[in-house]
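Both complexes below contain subunit A, partnered by subunit B and then by subunit C.
The block that comes next holds the complex of A and B.
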């Protein structure tokens, strides 16, 4: 009873068709980005619901009955389950939310339902961020929030407010909310997620290195100009041909595919370091794998990651969000001089029945009594002197891929060279492993950092020499030195598929892309990855010393208080008594004149009504009375008042002589 | 301040303090809604938005959505701004009593309340409510005033003071409800409920000596009294009004002449009880007016000389309404 009475005090009104149309329109804006992700039947259903609801509103038709909606809900849930296989996964939950939104739309009657729908719409905005948080998407969804807020305003309005007025007011409210948003964003204590479940892979459709390499796996990556990671160097960046970003190390070959060990090779690598240390701050894009990248050779692991025996940098958990870490590498090193014998054995294993011609070639070399160093040189010389071609589009290889490549096609990409080289070395008895990762990168002159893209993916080999340990050998460099010095695009002129940024001729386009990448990088660093650590660092830098959580909370409360107080002052400014309107004062004087002659104006009597009554009572002055009332009405209530209206009113009131 | 609930606590601390107790009880001829007299709490919708924001914050943390944080905090800011706007929608309004029409018991009083807005800000959808009345929502334009009418049913006769008026608003976003009270110095008289099917008017004359067909000098001026709604404009005492600074109505003894009936409470059967007897007299007054018959009313301790017309009617009904009270 009490609640019903209480609810009764607030206005609950059936929605007018224009409110329903406005709400439906902004809903369709919010749902539009989802349309490409949800099944087609759902898109059709949602569109149908919106069109139907608008039609019902304008034609004054009945809304669907409750049981129909219940049945529809059941089918929608069933359909979601059939399309996604689950109900509770992230994508399925989003789809379900969209369906519920459309069903709620079908039973929306009054302002209270509309409020629910508005909040659901706000919530749907955030689900879009699960898939994209780019700057254009952010701007688009800000526009959506603007439109939704205009609807929220319209719900509380009586009559037919103008859309432009609502949008203006909505923009004003959001602008006033912005300072608070900023304070909360910077100071609200951040918690490291996830809270309930491991989120699924970030932005979906991730490309990147895998822990296996077969012919074609890297060349497919070369077509992608997606950013793998960005690097800031403490000092001047090293030369391009030394930039080997170490990734997965592949040990096992089954005749076609090179694979990383199923489990990490745990242990302390035996690494002697020298040369100038290179400090790197790397912002790695999510790739849903556990490896991190660093220049050869990383001297230590960043927090919550570790180094394996083959000096891979591994994160404790798959990298599902963009992450930032610092690592120091050493360009001169000696690695694994006294390698575990078991590992050296593993670095020699080959499946017996593959690539007989290559095996035979290696056997010939071995019988020549060459040292391991000479064997390596022999192989590289072969790549350099025989007509090998570096290409993104090699012919498809048949059963014996290495034989095909070495003796028939002689056309291949880095993975072909690395794989063939490693095969030959193992066959000749030199312990060899394949290392994948990235090579090179593009220096962004605008932001002074290096961008490493998927198209920079690369594979090379490491051979083990007695007394020297593991030595990096890049057979691709023997074939195409340009690849190592200038990047894949320079080494493959005229290949249209190479990313635009790689095509060195378009200077201004390149500049533009660099500027855009810098904006994107700033967006990533400051908006998307404002992590607990970053917040703490920034606050500490701002305060000039260590800051505790308590300090941040205090700052939050203080800053919020100040902003709210300022907003309150701004809000109150308009509520003060305004200096009396001159037109109103003249109208009062006029009313008093008439009151003296027995025509008192009631306080709730408008100018028109009063003029009619007064002219009837004082017919001799009807013309002046009507003129004064018309002038006053125009000055006070209409927008099209003329500049001399006020002076005319003044004169008319003064000259009115009733005696 | 991520959730509006927290914002509310702050807002209460900032803006409401304890209400001035005096304003609750003592009637006022003018009530200005100041920041201390305006309360504010979230509406159910506001709480729902708060819950939505909590969910969005959790989602942002879980999926590390930078833009999710931005949106959540922007909407939290919107809530706070909306609260300020709701609160200012009442601030500075002036509430003054308007005239109230008398009513019959069982009917309803129409209270008129004047709301003046001297600021440059239009106040949207201000709701007025009084115990027993249907809430009324109206816009108060900038530098203007409006008169709100609230109909309140009444059951008992007598003089009635206006209950306190609750002035509330959820404008512009509907997330917060701001409200304040005004106890206004307004009263009116509730006449007894007219008997549904009264016996026919008593025959004249009721008492000997107060002569059957009296013929008092036509419309003899007998004084002035307070103006009451329904009085003919021709009867307004303009000159006296200028002196007294109030609307007064001229009274005349006499009238159309003709038969005079005497409505005497003592003549109504005792077994009826006082209230039903007053109801019967009330019905008779109305009937006499309709029949254009002059009538006099006698109550213990009060005799109203014969007359007719709206002023006479009001005087008689008021006497019946207040009989035995005070």
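The block that comes next holds the complex of A and C.
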């Protein structure tokens, strides 16, 4: 009695140690990428649980008691709450899932528990995608799925299956599932919205331009190799020195920092366009800001974005996911010939007490009676002829940053030149604004598209001339023409701080990088950004017309059916042996006849046993039932059946009338 | 039905009352040239069964009582120095017999057990570097007492595989028990029985039993059983290829006893509990439940 009760309470461990080891090993693979994201105590706890479970398995020790696990579970939940402040949300929920998974290990006894664990492991694989969706991560997680599937096979098998065999079979299963996966990926109706959108990390970790520029802000960005956006041109790409990617336009200067207006300058910009339009398809990386980028000057705004009065391209919401848009720009333009007077006023504002020497310089220029155009030339000539140096590492500026830069250090990066130029112009009475964005980019010869990196960040100025409108002036070009023609790396020889790609002279490494970037770009475009619109577009192109959701769903069902049917055919062709024995088919027909009269043959019943049972149940037909069974047994199991046995059996089965 | 078989069965049924199925399984075991393990409590007729078979089949009989101090030499025999002749003389042990009853085989040490099991497997023994063939036919009936396991050495799984079949005798039913109580002692009944066969005719029957036809459809069934036992998680370790061969040999003998010249799926099912019961282990590694596992195996696998 007592022992029976005990056996009910703690079930026997029936999983073999090697299966448990396999499970914990695959689990550690799945959880490994999370190790850097969860608190250290969780890593230690999870690792300890896995090691302990394996040790228990090999040493045949007892599993922890249920109440101990209950206490541990409580502490795990409490610890998660203490570490994260919540137990919901992406980070806390994933951490909790990991802890519970490891605790589940501690009560894993039989095949059923192992199945639960296997499915939890599959689920945990997905949680890694909440953090990274790169190709290496995808490949790694595919490996994890491979390992988990091998475990799934192992726990369904008797004896000691070989690991290599299991892995091979698991790979085969995954390969068979691949076409189905492709069908589901392409055709499963996609819905835009919070249900499908992956939660994005906050602004942290995303680099990009901001709505303010102070000395040092762009030079720090220039150290980043990260891709800002990629551009495909409709035709041949324009020359490098015309590639000014327009971003935030900065109007307000407080003596140290240039800022964009707090609210958008709403209004229809007065833009006259000319020249060959340049079509661009831009894939913008998430930067958590609302700017979109386009070449000077964008002629219109893509969907769910708009153009401001100073021709910034603004998205309706911060760009938290990679987005793709098309925009057309016009290299020849006239912008704002009749600009709003209030704005021109704003473009002359300067804080009173800053940079007296610069103000003085501008004042002397103005007293010379120069036109605005001549003033601009004067300033550029100064930059060109005086010993100004273009450098990433200028000395730190003191209180009067512009004075310091213009008269003392004369070393600076593009933001210094743009800021100083704009200051001088405003002081001299020429309406000026600072434009930040990117300049240039690297043409990927492999994929025929342009990569613009954070290191291409740039700042320039726009001045307003009566009758001509806003004109772009890049003072950096005056100091370092190379920067504009060939990029920051060429303009800064021998500087260690330039991003890696810029330093590399080796051609094949460059080619390799280009090829890798192309693969990453394709992955972004076709896998990660396979949005509802893209799905619709592709289906419509495929069907040659408009496609409804219902159409896509039908295609999904049909394609799934076809894939499964093809796989089934392949599988059946391998298992189908010799054509079915005619005697056996007749025996099946006979069995069915009897089954209709309540005497069903069990699948494991042989002819003799069935004949005895059936003739007892249907005594009126005993003779014919026995005769049929005897004929069948002779045909199927005995040697030297007579030639007419088969026809006799056929006739006997046909003539058997049971009612 | 073969008249020899008929008279053998009639004679033994007259001695061991109310156990026709076990008697036929034992005969199948003899005809398939296998060995038999009987697992049961004392006093249900294990010795009687062995004795009766030896008598009726006309074979020499020896009994070895296994005890914890039994030595291999007690089974196989020993070489004794003959001083007058100046050489060693081999004195054959009780294993040199045609029917050997190894009583309570689990009482002896593994060393003594393996001496017997090796003899069973090889049909010969090697003493002092000299190989001596055992007589033919050679049939071992080992008995094991499942209760009172203190101080015993149950045969390990690998050794169990050497036995073609393992059966249980069980208590006789009321009618058979009444006849047993009312009749003479079994010993005197055996004494009074005349042998039906002799060595030659038994060997001929063995050869005939081996010739029973097994059709491809039947081999499919055997393979399906083996495969299922290996792949289904209900079984700890599947049936070995040797188990498959044993199953087929026993089924042939069973069909032969039934008077047929081809094996039917029913023959497989009839001998399967005896052949597979001690070879199938539940997945948790415990030793119990062999018969339930056989039932499950039969239920799960369809006759192709």
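Keep in mind that, in the parts below, the second predicted complex is superposed on the first by the 530 of 659 C-alpha atoms of A that agree within 3 Å, B and C clash if a C-alpha of one lies under 4 Å from a C-alpha of the other, contacts with A are read in each partner's own complex, and residues count from 1 in each chain.
Going forward, a residue touches a chain if its C-beta (ideal position, glycine included) is under 8 Å from a C-beta of that chain, and two chains touch if they have at least 3 such contacts.
Remember, it's a predicted structure, so these values are computed and weren't measured experimentally.
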Worksheet, complete the sentence: Of subunit B and subunit C, the partner touching more residues of subunit A is B
Worksheet item: Regarding the shared-chain residue A:178, is it in contact with subunit B (first), subunit C (second), both, or neither?
Response: first
Worksheet item: Just subunit B (first), just subunit C (second), both, or neither: which does A:156 touch?
Response: both
Item to complete: Quick one: classify A:14 as touching subunit B (first), subunit C (second), both or neither.
Response: second
Discussion item. Contact-wise, after the overlay, does A:647 reach subunit B, subunit C, both or neither (first, second, both, neither)?
Written reply: neither
Practice prompt. Would you check which partner chain A:263 touches, where first means subunit B only, second means subunit C only, and both and neither mean what they say?
Written response: neither
Fill in: Touched partner set for A:66, first subunit B, second subunit C, both or neither
neither
Discussion item. Tell me the contact category for A:633 with respect to subunit B and subunit C: first, second, both or neither.
Written reply: second
Worksheet item: Between subunit B (first) and subunit C (second), which does A:603 come into contact with in this model arrangement: first, second, both, or neither?
Response: both
Worksheet item: For subunit A, what residues appear in both contact lists, the one with subunit B and the one with subunit C?
Response: 111, 155-158, 581, 584, 603-604, 636
Worksheet, complete the sentence: Counting only contacts in the complex, subunit A reaches subunit C at residues 12, 14, 111, 155-159, 581, 584, 603-609, 633-634, 636-639
Discussion item. Could you list, by residue number, the parts of subunit B that touch subunit A in their complex?
Written reply: 1-2, 10, 14, 35, 43-45, 48-49, 52, 55-56, 58-78, 80-82, 84-85, 87-88, 91-92, 114, 118-121, 124-125, 127, 129, 135, 137, 139, 142-143, 145-147, 168, 170-174, 177, 238
Worksheet entry | Interfacial residue positions of subunit C with respect to subunit A in the complex | 213, 215, 217-218, 229-233, 235-238, 261-266, 269, 283-284, 298-304
Worksheet entry | Parts of subunit A lying in touch with subunit B, wherever the complex brings them together | 7-11, 111-112, 115-116, 119, 122-123, 125-126, 129-130, 133, 138, 141, 145, 149, 152-153, 155-158, 169, 173-174, 176-181, 184-185, 188, 190-191, 193-197, 199, 321, 527-531, 556, 560-561, 564, 567-568, 571-572, 574-578, 580-581, 584, 598, 603-604, 636
